[in-house]
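Before anything else, here's the structure in question.
Each chain carries a letter (A, B and C) given by its place in the written order, and its residues are counted from 1.
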Amino acid sequence: MTGLAPGAGRRLAPQIALLLLVILFCVFPFYWMVTTSLKTQLLALQAPPAWIFEPTLSNYRAVLIDDGVGRTLINSLIVAISTTALAIALGAPAAYALARFEFRGKKDLWFWFITNRMVSPIVLALPFFLIVRKIGLLDTQLVLILIYLTFNLPIVIWICTDQFRSIPYDLDEAAILEGASQFRIFRSICLPLAMPGVAVSAIFAFIFSWNELLFALVLTRSNARTAPAMAVSFMEGYNLPFGKIMATSTLIVIPVIIFALIASKQLVRGLTMGAVK
Amino acid sequence: MDFRYQASALALVSGLTLAGAAGAQEWSLEEAAKPYAGTTVDVVFLLRPGYEAAEAMLPEFEEKTGIKVNIIKQPYENSLGEQVRDFVADGDLDIALIDLVWIGNFAENGWIEPISKFTSNPDLTDPDLDIDDFFPLVLNAFGGWNGEIYGLPFDNYSGLLFYNKCMLDDAGFDGPPQTWDELKDVYGPALTKDGKYAFALQSKRNETQSADSFARVLWPFGGSFLDENFRSNLLSDESLAGLNFRQDLMQYMPEGIVAYDHAETVNAFAQGDVAMITEWSAFYSTLTNPETSQVTDCLAISPEPKGPAGRKPALGGFSLAVASQADEDEQAAAWLFIQWVTSKANAMEYLERGGVPARQSVYQEAGVAEKFSFVPSLVESWQEGVPEFRPRFAEWPEVTEIVQEWGTKIMLGDVTVEDGAKELGDRMEAVLEKAGYYDGRKPLAQ
Amino acid sequence: MRGSVGRKTIIAFIGPAVLALAVIGIGPLLFAAWTSLLNFNLTKLRDVRFIGLENYANVLTDEAFWAAMGRTFTLLGIALPVQIALGLGIALLLSQPGVGFLRTLTRLSLVVPMATTYAVVGLLGQVMFNIKFGVVNQLIGFLGFSPVNWIGDSTNAFILVVFWDIWQWTPFVALVLLAGLTTVPGEIEEAARLETRKWWTILRHVQLPFLIPGLTAVLILRTADTLKLFDMVFTMTRGGPGAATEFVSVMIQRVGFRAFNLGLASAQAIILLIITIILSQLYLKLVYKEVRQ
């Protein structure tokens, strides 16, 4: 601690206490998830719950080796990365146009893009299921990659539009005078400058896709099943394998938390980009 | 509907076909499977003891036949949706796993094949299939619809009374209650004390509410879902008596019983917190396993208590049927698997591994009744069950949602028993009306 | 010359995204609109027929649907103010000088709830709030309270959903508002502090204007996410007990994929969509106004 005046300790005490409380509040469920995943089945259902016990990795062995959770994690990864890449590829140029070009109906178009973010997935899941059934693409990663665009494209467009708006025009005006096309300006000048925004929207798209459940439940079965859908499928009313469920949950949550922590600075920017100018 | 008559007629038919096949003396699974080696059949399995038993036995089948059985594991609550979505999409399931309440739906949609398609083929059918060996009630209820047999009983349940002998002894009882009234009025107050409860009735808002809780109190009191015209019978004195009984019984159950699924109920019993539960036979293996139960030495089993209308225990279970969407080879391979896994020859191994076969012969073998203490009660229960314990018609998936919602609302006291039963009945009738039962478009079969 | 580019260029930039979203976003909606006019049960595909607006009539007169809708807005109405109050508190706490290390740690731990998979939140709810082996009842037992029946009681189950919503999204609100606070120019704030020592006055007159855009975004996103709420409830209470936690998206999923009544579910979905569009247009217009100021 640097430069604390003497006597500051007492003044800071309530602040420290409150901050610790916030940390505890945020992290405790996570702690409980991880410790439950290290308990045997009997221990996991023991009342009152044990805080000190001999941890075991048996749940992880069970879910990874017997139940094939590893494959569902890979599915989740493939789907999340592909849909994120696609959303950026489609969304970044669109955001650029929305930020930089003047055309009729621009504002309505922007509204429409963003409104997609608001639509409940259940609205789309029903018809999507019927359509996908007709064209025979049920239980494929492709379907998830495409349908996740419905919430990823709006995010990318929302965040990137703001990012492109913040880039000064002088640069591309100079480029235009030199005869550069809009594509060159976008690719060589604006896109590199907008990278922070693009990265933020990519992080968001990735997290939302990784965590998605409803579409995955409805549109996949075994081949393309994602990890959250797998975690849910352990919930048989006949027994409560909470150790296994928490082990799977931990495997799902840990990567995305690590990812989010690494990117936490950008995350905060992303949260606020559309809102706080 | 007189199922006994139906079942015996069917038995006659199948007996004839078998007699025709009996000439082929040297039938063997290996021989029969030869043309289908390398075929893969897909089937949905639940995460329950009977399925683990079958999965453990599977390598033998795969080795003998060269047929690969691809198991897709799903919890019960997802398994209907999973299969329906697969069937309407012409997916890849080759075997249908049918809860008895789905049979009308699957059969009417043409998603499953009647077994006669295969039993008429001596190349595919084991001369020792012996369809009469299945408990007639079980075969007909789990696998039959409209006089046709589609599925062979695979994962079979009857409701049983599991009770904690030690707790009952301590309270001065030398046996389980014989009637529901006795359970409530005598055992209830005596066993509910010191944080322990006399009884727990799994009532969670899913199929458990319909099958294990709601229907369980209708039938023994003479009630039923429907009258002979398929109108709601829930407002009859008998049905209301059953529902009021349940309401009254709740004082001897743990708090929050409407959130109890099988797992919570069995666990409460296994921890010694609850003296009696009415649960499926399938939980025998859970409750006798020291890793999951602390009351293995106190466990005792009897048939469910009787009501004014008789025993009428809960009936549930699953059959396996060949899916129509499978191609010819897959169908043949699927049939060979179904036939094998439910066969007389494998019944003992299935039982020992934790499954509950529906073969009468296995329960007659010496020592079985002693080794598996649930057997006498199970055999007794399967003599007097009601096949339409829950109606098995195609509308059940819609009806059960209504029962689940309003059944739990009644238990919670959100509505009175009468109002809830009325609302439930009205909504149920609306579904049946739309289906065409009241204007003669559909025969009254359940 | 700024922004004046050819039609072709504009289409080249924006066309693919519009096309993609039209195909995957609007296409299914049209399909749903059509389905909502049919008697369409997935397990009765032989009895699919046009029934006009009957499904809509059923939805509009179905008390259970409107109860679910009301429940959804009740959740929003309770959770959002708490999230804003707590979030603002945390943001103010984090904007205070001192204990830099602890502040960084807090900021990092705020990320944890937000990144936790929603379905996992519900599973955690089942584990932690179990009446018997749940840690929460153990903890409140230490404080001398008797065990609470969280999941099996209508009111408590609703409170449970509110709790987890607050757990997961208060950090989001806190971080948004913190970012807003950092945009307050230092000199303005210092000048204000010279005039008054009441933090409330400073908040109201100096900081609030900079927080408004963030608050609007929170309002929009939380409203949308509450209308969408499915995963956490599905894995924790499945809408029960009774209908205590049957929120609108949970209900539509049940009608569509458990009772297989896709016609009725589509009508419900379309009505939900209309409500969503009205609300989001309202909100977005609000934002635009704020931004222009």
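A few points about this structure:
As a working rule, a contact is a pair of C-beta atoms (placed from the backbone, for glycine too) under 8 Å apart; a residue touches a chain by one contact, two chains touch by 3 or more.
This structure is a prediction, so every number in the text was calculated from the model and none was measured.
Farthest from chain A in terms of Cα centroid separation is B.
The interface with the greater number of C-beta contacts, when A-C is set against A-B, is A-C. As a whole-number value, the distance joining the C-alpha centres of chain A and chain B reads 41 Å. Computed centre separation for the pair chain A/chain C is 15 angstrom, with centres defined by C-alpha atoms. Residue numbers of chain B whose C-beta contacts span two or more other chains: 77, 85, 88, 204, 206. Listed for chain C are residues 132, 257, each touching two or more other chains. Residues of chain A in contact with at least two other chains: 45, 47, 218, 232, 235.
For chain B in complex with chain A, the touching residues are 46-49, 72-78, 82, 85-86, 88-91, 204, 206, 208, 261-264, 266-267, 271, 282-283, 286, 291-292. Chain contact summary for the complex, chain B toward chain C: residues 77, 80-81, 84-85, 88, 105, 109, 204-206, 254-260, 268, 394, 397-398, 401, 405, 408-409, 411-412, 414, 434-435. Of all residues in chain C, only 1-5, 7, 9-10, 12-14, 16-18, 20-21, 24-25, 27-29, 31-32, 35, 90, 93-94, 96, 98-103, 105-121, 123-124, 126-128, 132-135, 137-138, 141, 167, 171-172, 175-176, 178-180, 183, 210, 213-214, 216-218, 220, 223-224, 227-228, 230-231, 234-235, 248-249, 252-253, 256-257, 262, 265-266, 269-270, 272-273, 276-277, 279-281, 284, 287-288, 291 touch chain A in the complex they form.
Interface of chain A with chain B (complex): residues 41-42, 45, 47, 67, 129, 133, 136, 138-139, 217-218, 221-222, 232-240. Partner chain B is touched in their complex by these residues of chain C: 39, 41-46, 64, 131-132, 149, 151-154, 157, 237-244, 254-255, 257-261.
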